[in-house]
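Handing you this structure, nothing more for now.
Order of writing sets the chain letters: A, B, C and D. Residues in each chain are counted from 1.
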Amino acid sequence: MIFNTVWFCLRRTAASLVRNFWLGAASAGMIAVSVAILAAFLLVAVNAGQMIKFLESQVEINVFLSPEAERWELRDRIQSLDGVTSVTFISKEQALKEMAASLGEKADLLTGLEDDNPLPDAFRVRASSADVVPAIAREIEFFPGVDKVRYGQGIVEKIVLIGRWLNVISLGVAALLALAAVFLIVTTIRLSVAARQQEVSIMKFLGASNWFVRAPFLLEGMIIGGTGAIAAVTGIGAAYYYLTLQVARVEKLSLLWFWQPVTDPQVLLPLAGGLLLLGIIMGGLGSIVSIKKYLKV
Amino acid sequence: MLHMFNVTKIYPNNVRAVHDVTLRIRRGEFVFLVGPSGAGKSTLIKLIYREELPSYGQVYFNGRNTLRLKGREVLGLRRSIGLVFQDFRLLPQRTAFENVALALEVVGASGRQIKKLVPEALKRVGLGQKGYCYPSQLSGGEQQRVCLARAIVRNPLLIVADEPTGNLDPDTAWGLMELLEQFNREGTTVLIATHAWDIVNKMQKRVIALENGRVVRDEERGSYGHDL
Amino acid sequence: MLHMFNVTKIYPNNVRAVHDVTLRIRRGEFVFLVGPSGAGKSTLIKLIYREELPSYGQVYFNGRNTLRLKGREVLGLRRSIGLVFQDFRLLPQRTAFENVALALEVVGASGRQIKKLVPEALKRVGLGQKGYCYPSQLSGGEQQRVCLARAIVRNPLLIVADEPTGNLDPDTAWGLMELLEQFNREGTTVLIATHAWDIVNKMQKRVIALENGRVVRDEERGSYGHDL
Amino acid sequence: MIFNTVWFCLRRTAASLVRNFWLGAASAGMIAVSVAILAAFLLVAVNAGQMIKFLESQVEINVFLSPEAERWELRDRIQSLDGVTSVTFISKEQALKEMAASLGEKADLLTGLEDDNPLPDAFRVRASSADVVPAIAREIEFFPGVDKVRYGQGIVEKIVLIGRWLNVISLGVAALLALAAVFLIVTTIRLSVAARQQEVSIMKFLGASNWFVRAPFLLEGMIIGGTGAIAAVTGIGAAYYYLTLQVARVEKLSLLWFWQPVTDPQVLLPLAGGLLLLGIIMGGLGSIVSIKKYLKV
């Protein structure tokens, strides 16, 4: 008996999908569009986050050493600090060359300084994120043998703030878009269930249990929602894949050096999975909620 | 089997469709419900299977107050009744066969039972060849017969038919009345709202006449009470 | 007025509903169309107002081949016919009054005319008090009468009624038949598909009998041909 | 007669809007969401364009003068070039001060140079857009009295390219989103018309002309589409207004110095108007298209 009921439900779902093909296709299309918009935005947000992270990782702390510093000991100490990713030694000669290079045309200003180089030796320290830079800088400042610490005060704080803002904004927008997608999915399903209100009441009068009536609608909603979400995720995924190829090509020209498209499956797969679940769950939930009022007969 | 006490039904727009009706139908009876258009016959029937709830009074089915049933008990009530709706209420997207099968599916019958019982029922109402048709592909009378097939296929305790022969020619109508009488002889209780005075007069069954929502006549072996 | 030549209608599912029918209805006639359920009466009627097109043969209305009509000519055809559908076809979201008014609105009648004609028509079918009700708030017979009111309100050249009394008690049914006869006396052509053998027999009008899509009988002052 | 027909159409439209209130509200809601997404993106695109423009306007051309240059004559000549927006004179003393400032800690490198300043006088030229900078630079190069012209070759080309890309991408995305909105609007209207298919065929059988049947649906579609679009434009507009206020506040802290939110009504009003038209026209068109197949009886 239970087995029969399950079987009837599956058959009715299949039949209904075939018979209401256009209604279902239109609904799945609407769901696809709304999920696609959400997916595209999430990719943008993920990449923007990556970009900010990359920019942050470019922030350097310049540690100028006093002449009597114990270079290698100091280097190990800095290296062992939390959040430090690399420590590079820049000799005073190297520093002078870099300066000359940066002055370009006006490098002759520095002629004659080679013999009496006024620049100090230095470490160039990179941190895992801009967040921790000020703290690290403050700590290093008090190490013995350290003369001065510089890290572009001002700029770093700005980058950190912009990064935080971007995070908040993109979370907010993502939430809004997700809400919009939920609204679109549920309303679509609701419109398509309303068209079949009579069917529900007839079954109820014939003595059908609520679940007997509901199950095919639930399944149908999940299938329509899932189909829409799959279409969206596949479409946006393909477009994104193509984009990463293009970017890789352009990057060789170093035009987009600051953008490394996120391709880590550990980031992208949960995203895709989440969107699929969104489609399926909202499709099903939309069905159940929409049908509820018609069941009260 | 069916017992109504002082039942009154007032629709939300203040129309009093059924007025203080008290009646009792015993197991195995065959009852005609007659009365002019708008007398309240359909409303009375809707009160039985709980499409409408009474404004006042009680309805008892098999000794249970239908107002107090809840959840699965309502299903039990509806499953023991075979219904013919005045407005057919066939699912437009299912074939005649599937519409009849639905009555069995909702009670969890097996596929084998369905394959056996549904064609039988369709044959009994004279639609053996039309099972594959959708309601929109059937004539008015054929749709009405699909409804009847759906009502009898479960072999219910009580058959309640609202105007089951309105779209049928006299021969077909007679055939179906005889079919219902046969069910009745096998123990099924039958309640038919109808305007077919010739059939009512000829069959000499119990007749309950409604007028303006009130029972104005209730006779064993009665007639339509209409002299043409 | 209405002329059918060798008309055959085969539905897409290969059902031959009307088979080589030739008939002629003259202006001012009153014709009953009878036949068992599924004989093809409704299909024949649908061919007149072009809900269906004939597979073979021609239908002439007022001397014009309805197959060759285009655009606004089809409107002209439909506007000169008053239709009662077997399945009512009332707009569920409009009251009885508005449903009847629709027939006038589509021909561009003035609001004043509507306010005058619609209540009159409703009164003639015995629904003077029910104009504000939606179809779902009306009994089966009341809905059927709204359909009839919608058909007569335009005072059409031809009234085509498909089973107009199936849900009506004999008294009301007689009343409406007399109403239609009155229209007929005033010059309207009337074509009625019906199973009401008593009415057909008593009125002694022209009777066309269909069986399996063929005309098997066409008699002036005929009878239903059914001896109960 | 025509007058009656128009009047009936208006009445039927009103009645139908009231009676199908939930269907209409749901449809308007879906349309609002899709137009809102489009509107939000358009605002982002407009602002990104503005930002790029601003960054481009920050690009400077440094024109180093030979000692014998006719400063004021040269200045007028540069000023009169197409695309030049400002020309500022930077004396060699000023240039040395700026250099000292930029060297910060290491400014003592320059001590002693004040008396024998090796830097040349210069003009700092700004152009209306980064596009024209290379051309202007090439032209100035051959003016008499000009020694060298420098404008950050490389960087400028990058900015120009990124700007162009951004333009193309945002046009593309806007087109896609507009398509999505059109699809959502039309499908929504289609679902709501499908629910009333029977109504159409009954009217046709009663002898109603196609326009008699169509007009109320058309009007209804336009009203629903328009309502949705108005809701979206108002909502996004209000949010944007609030955002500009916030940005103005933050800007005082010079955190977002590169972003001047676009508030020019000449840009925003056509945008809002276009979106309203989109809603209205697509709502109407959707109705007409959806109803077409039901009219063929």
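Couple of notes before you dig in:
Simple rule for what comes next: a contact is a pair of C-beta atoms (placed from the backbone, for glycine too) under 8 Å apart; a residue touches a chain by one contact, two chains touch by 3 or more.
Please read these numbers as outputs of a predicted model, since none were measured by experiment.
Listed here as common contacts of chain B and chain C: no chain.
Path length between chain B and chain D in the touching-chain graph (shortest route): 2. Chain geometry summary: the mean Cα position of chain A and that of chain D are 25 Å apart.
Between the Cα centres of chain C and chain D there is a gap of 62 Å. Note: centroid distance chain A to chain B, computed from Cα atoms, is 62 Å. If each chain is reduced to the centroid of its CA atoms, chain A and chain C end up 67 Å from each other. Multi-chain contact residues of chain C, defined as those touching 2 or more other chains: none present.
Shared interface positions of chain A, i.e. residues touching 2 or more other chains, are not present.
Contacts between chains close into a ring here, every chain touching precisely two others. Here the touching chains pair up as A-B, A-D, B-C, C-D.
Remark: chain B residues 49, 51, 72, 75-79, 81, 83, 85, 89-91, 93-94, 98, 102-103, 105-111, 150 touch chain A in the complex.
Residues 11, 13, 15, 34-38, 41-43, 86-87, 133, 137, 139-142, 145, 162-163, 166-174, 195, 197-198, 202, 224, 226, 228 of chain B touch chain C in their complex. On chain A, the positions that touch chain D within their shared complex are 23, 26-27, 29-30, 33-34, 36-37, 40, 99, 105-106, 108-110, 113, 118-119, 148, 150, 158, 161-162, 173, 177, 180, 183-184, 187-188, 190-192, 194-195, 255-256.
Residues 1-2, 4-5, 7-8, 15-16, 19-20, 198-199, 202-209, 212, 297 of chain D are the ones touching chain C in the complex.
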